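Below are two complexes that have chain A in common, paired first with chain B and then with chain C.
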Partner chain A sequence: MKFRAKINDVGCLNHFTRVVNTITKLTKTCVVRLTVDNIFFVLSGKVANGGVSMWCELLQVNFFDEYQLEGVSEDANEICLEVNPENLSRALKTAQNAKSVKIKLTKKHYPCLTLAAELPSLSSISRVVTHDIPVDVIPRRLWHDFKEPSMPDFDVSIYLPPLKTMKSVVDRMKNLSNYLVVEANLSGEMNLKIETDLVSVTTHFKDLGNPPWGASQSQSQSRDVEAMAHARVDIRKLQQFLMGQQVNPTKSMCNIVDKRIIHLILLQEDVSLQYFIPAVA
Partner chain B sequence: MPLSTQPQSGNDEYVLVASLDNVRNLSNILKAISFKDHAIFNATQNGLKVTVEESKCLQANAFIQAEIFQEFTLKEDVVGFQVNLTVLLDCLTIFGGSTVPGVSTALRMCYNGYGYPLTLFLEEGGVVTVCKINTQEPEEPLDFDFCSTNVTNKVILQSDSLKEAFSELDMTSEILQLTMSPSHPYFRLSTFGNSGNAHYDYPKDSDMMELFQCTKTQTNRYKMSLLKPSTKALALSCKVSVRTDTRGFLSLQYLVRNDDGQICFVEYYCSPDEEVDEE
Partner chain C sequence: MDCVATGGNVKVLAKAIHSLSRIGEELYLEPTEDGLTLRAVNSSRSAFACFLMTPLFFQRYQAPPDQALRCKMPIKSVQTVFRSLSSLERSVEKCRIEMNTEQSRLRITLHCKHGLLKTHNLSFQDCESLQAVFDKDSCTNMLRAQPRLWVDTVLHFPPSLEEVSVSVSSDRVWLRNHVEDDADSSKAMMTELCLSSEEFDHFAIGSQTSITFCLKELRGLLVFAETAGLPISMYFDEPGSPVVLSVSDSVLEANFVLATLSEDAHQRNHNNNKADGPRAGLPPDDFMCDDIDSYLIAMETSDLAGPSYEPQPQSSSTNHKSRLLSEEEDEEEESVERPPNKKFCSLFFGSVLPASSQLTNQTVQSQEVLASDSEDERQSD
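This part shows the complex of A and B:
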């Protein structure tokens, strides 16, 4: 097993830092899956984290100037590591103005991701800050937990309103209730609703548009365009997703499987983030 | 009047309709009195009066005159109800209360009468939020019987000067002692805290003093915990009038200028903590 990678470009470094910071806001621990072409940050839906799962995908060539990977074996040329993303984001913080950042998998007393940042210096002697971030190497027999989640057979898919507007609405609703109902239809309308003993609040978004998914999603083809699909979710999970956003997505959308799950997708040219929040009764 | 028992949501059903182009003109002034959940609303042809009380010793009133609203329609002489102020403020600021010029949230507030919820329609950038806040039986607000003929001392100050004083007050002191007098020290705030006593004096000819009408030396103590909520109003205001009456009751009236330059008033009444021995 071998992994080493290097970033020379400040823009790429900042971009990578933003992605890691976003992941940090969403989860305490996650799995980093390294393959020849991609880096994935994965959280699989366990009961302990409220059934939320996440899938973030980066194309390595868009971030790294050097990238070498030798997986566990030739037929499984990849590495799976469990990390605390906060450690990674703290390490990257000190590397903000670095001339270059090297990341490699090392074995000290325990396996580590070693991040070495070469900082600018006035003299000829270079300044290097090194962070050893402890990781757990995940054995191959457990990898099946970290496969890309299949796109659920959703009832409605809709583009999200500006995330900033959505965030302020969800923030206020969180003060009032623990659960929120997301509902949307195929005419570009989405509602966020809460209801408690004291108050009921509904925010109506319209003209959002529905993404064209092609004929594969046959279920939504025959659907009444006015009919709402809805899911009641833990409002904190949705707030977490909206709070963490440091990537400026070019496209953001939401798929709803009626009474089952909401699937949020953010797309930027070289990063995609998917977030799944299960519905509660 | 339609005979149907199910009231329609048409305009004629409402006993109160009030609209604002900028919701901040209401939400800001309500923030000045939001120290307790229960707020008593009282609407008359003059406008809206919102009252919040604490421990029967403190009362805060916010007045929003009918002219502040773009529409203010009242079907009855007086309409009263009680709602949870914290919930109302969360609803009014649902779009984040943007301070960006040109971006504002419009509000239409409707009330159907006794037993009905208070309905808010908020709109910003084409997004509409509808809130239905349950109302409660309005309680009778306390009458502090603070009458201008019984006022012994009165000063009007620029709020900035009092803000400075309040931010420097020793909060370990349980009480704030207020001395107003036609002679020295004129206007004095005193605290008695863990690290000693402090006095904050304003000369009567200070630039900050707009009006000074003290007829009799009066020293009264007020609970710091009761006065603390009033700093919210102070922060928003540009002028404040401080008055005490013969019984030592304190009246603080704040003049608040809203985004559109209109003027609203917030007033706090506070009862004195104890009698001070005259020496």
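This part shows the complex of A and C:
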């Protein structure tokens, strides 16, 4: 098992840092899956983390100038590590103006992702800072937990309003209730609402547009365009998602499986982030 | 005592107070012919800080005729006077400090713009002199660098980190976070920063060594040095003997004396962390000349046992210089907050005697009286 990657470009470094920061806001630990072409940050929906799951996919070639990987075996040419993204984020933060950053898998007293940054200095010799981030290597028999989640057979898919707007709405609603109902239909309308004994608040969004998913989603094709699909979710999970995101997506959308789950997708040229929040009764 | 500081020096004074507040709970004030000294010591007496503002620092400086005037007060109350640095800078024109011994009041008057006067009367207690004895000139190692370098260095370590290890070789300095043996070190991120000697204004290493001390006080001094724009000098010997951080210019001097972990503790740490210690034998810069295979590792996913890291059992505090107090100090023991039961308790105060036979490899020097701190609380009651 070998892994080594290097970033020379400060733009790529900042971009990678933003992705990691976003992940950090979403979860305390996650699994980093390294393959020849991609890096994945994965959180599988365990009860312990409230059933939330996450799947973030990066195209390595868009971030790294050098990238060498030798997986567990030839037929499974990949590496799965459990890592605390906060550590990674902190290490990257101290490497912000680095001339180059190397990330490699090392074995110290325990397996580590070692991040070494070459920093500008006052002299001709660079400063070098290295961070040994402890990781757990995930044995192959557990890999099945960290496969890409399949797209749920959703009832409604809709583009999200600007995330900042959504965030300010959700932030305010959080003061009133612990649960929020997300509902949307196929004519570009989405509502965020809370209902408590004392107050009901709904924010309506219009003309958001519905992404064309093709004929594969037959269920949504035959659906009444005005009918709302809805899911009641833990407002903190949604807030966490809106608060942490730093990737400035070119597209953001939400799929709703009625009363089951909401599936949030952020798309950028070379990054995609999917976040699943289960509905509660 | 009656002294007046003006302009930028008010801010310097304020920063000095803020720095001292990171060390201890009480401010020890002693006006002498040589200037006004401000001192603080932490509760475990493993850190001591002293600022000397010479008479030239002040626009007017009048030492008390009675030389024995020494007092202490809660540093929080003094900090309150200088709380907002930005408003100090904007509006305060001068600051007058007077001591009224009859009323046991220290009066600090801030003369602000538009003729506004802010007067603070602080009560104080008489006390004996507080002074750590150290001789930084006899230290074998000395590093001096601009505050910027120290700030940039400290930035790489998390704010929660308590202790940092500094290792030196003839041309390099390594800093790394020190993780206690009993901490869950398998979960801690280890950070190491390597600096070239060229980055230092002055780099004199007599012996390759590695010392571990608290980062908090260094951060405290940085608060001061950065505003004052003064380089920080670091004087140190072997592990276990204090490190002195010092800044000075023509009108003021500050010395921070900090305990370092003693040798045996260090040794254990070295054994546990192979990466530790000055690595003179290694290629000068392994980051630059790395060849992929030298770094990559072979790990079996199925068998993760490997040579696992097991922290050695925590040895008793006798491995370290124990907290030893002079007799006078013992008298006030009841009134002093017990120091945290931490292994990090090298001392500069009181007569330091070897606590047990385990301290055999300590220098004779440590048996001398390093300092006398003979305050008498009863007097002030």
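Going forward, the second predicted complex is superposed on the first by the 281 of 281 C-alpha atoms of A that agree within 3 Å, B and C clash if a C-alpha of one lies under 4 Å from a C-alpha of the other, contacts with A are read in each partner's own complex, and residues count from 1 in each chain.
The rule is simple: a residue touches a chain if its C-beta (ideal position, glycine included) is under 8 Å from a C-beta of that chain, and two chains touch if they have at least 3 such contacts.
These numbers come from a predicted model, not from an experiment.
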- request: Could you classify chain B and chain C on chain A, in the superposed arrangement, as clash or fit?
  value: fit
- prompt: Which holds for A:116: it touches chain B only (first), chain C only (second), both, or neither?
  reply: second
- request: Once the structures are superposed on A, label A:165 by its partner contacts, choosing first (chain B), second (chain C), both or neither.
  value: first
Field: Comparison of chain B and chain C by chain A residues contacted
entry: C
- request: Answer with first, second, both or neither: which of chain B and chain C does A:230 touch in the superposed model?
  value: neither
Query: Between chain B (first) and chain C (second), which does A:131 come into contact with in this model arrangement: first, second, both, or neither?
result: second
Message: Looking at A:206 after the superposition, I want to know if it touches chain B, chain C, both of them or none. Which is it: first, second, both, neither?
response: first
- prompt: Can A:33 be said to touch chain B (first), chain C (second), both, or neither?
  reply: neither
- request: Could you tell me the angle at the CA centre of chain A between the CA centres of chain B and chain C, given to the nearest 10 degrees?
  value: 70
Which superposed partner A:18 touches (first chain B, second chain C, both, neither): neither
Task: Give me, in Å and rounded to a whole number, the least C-alpha distance separating chain B from chain C in the superposition.
output: 7
- request: Jot down the residues of chain A that show up as touching in both complexes, chain B in one and chain C in the other.
  value: none
Statement: In the complex, chain A touches chain C at residues 1-4, 68, 70, 72, 84, 87, 90-91, 94, 102, 104-112, 114, 116, 118, 121-134, 136-140
Task: Under the touch definition given earlier, write down the residues of chain C that touch chain A in their complex.
output: 146, 149, 152, 155-156, 158, 185-196, 198-199, 272-273, 275, 285, 287-288, 290, 292, 295-299, 301-302, 304, 306-309
Message: Looking at the complex, which residues from chain B come into contact with chain A?
response: 84, 86-87, 90-91, 93-96, 124-134
- request: Report the residues of chain A in contact with chain B in the complex, numbered from low to high.
  value: 161, 164-165, 168-169, 171-173, 175-176, 197-207
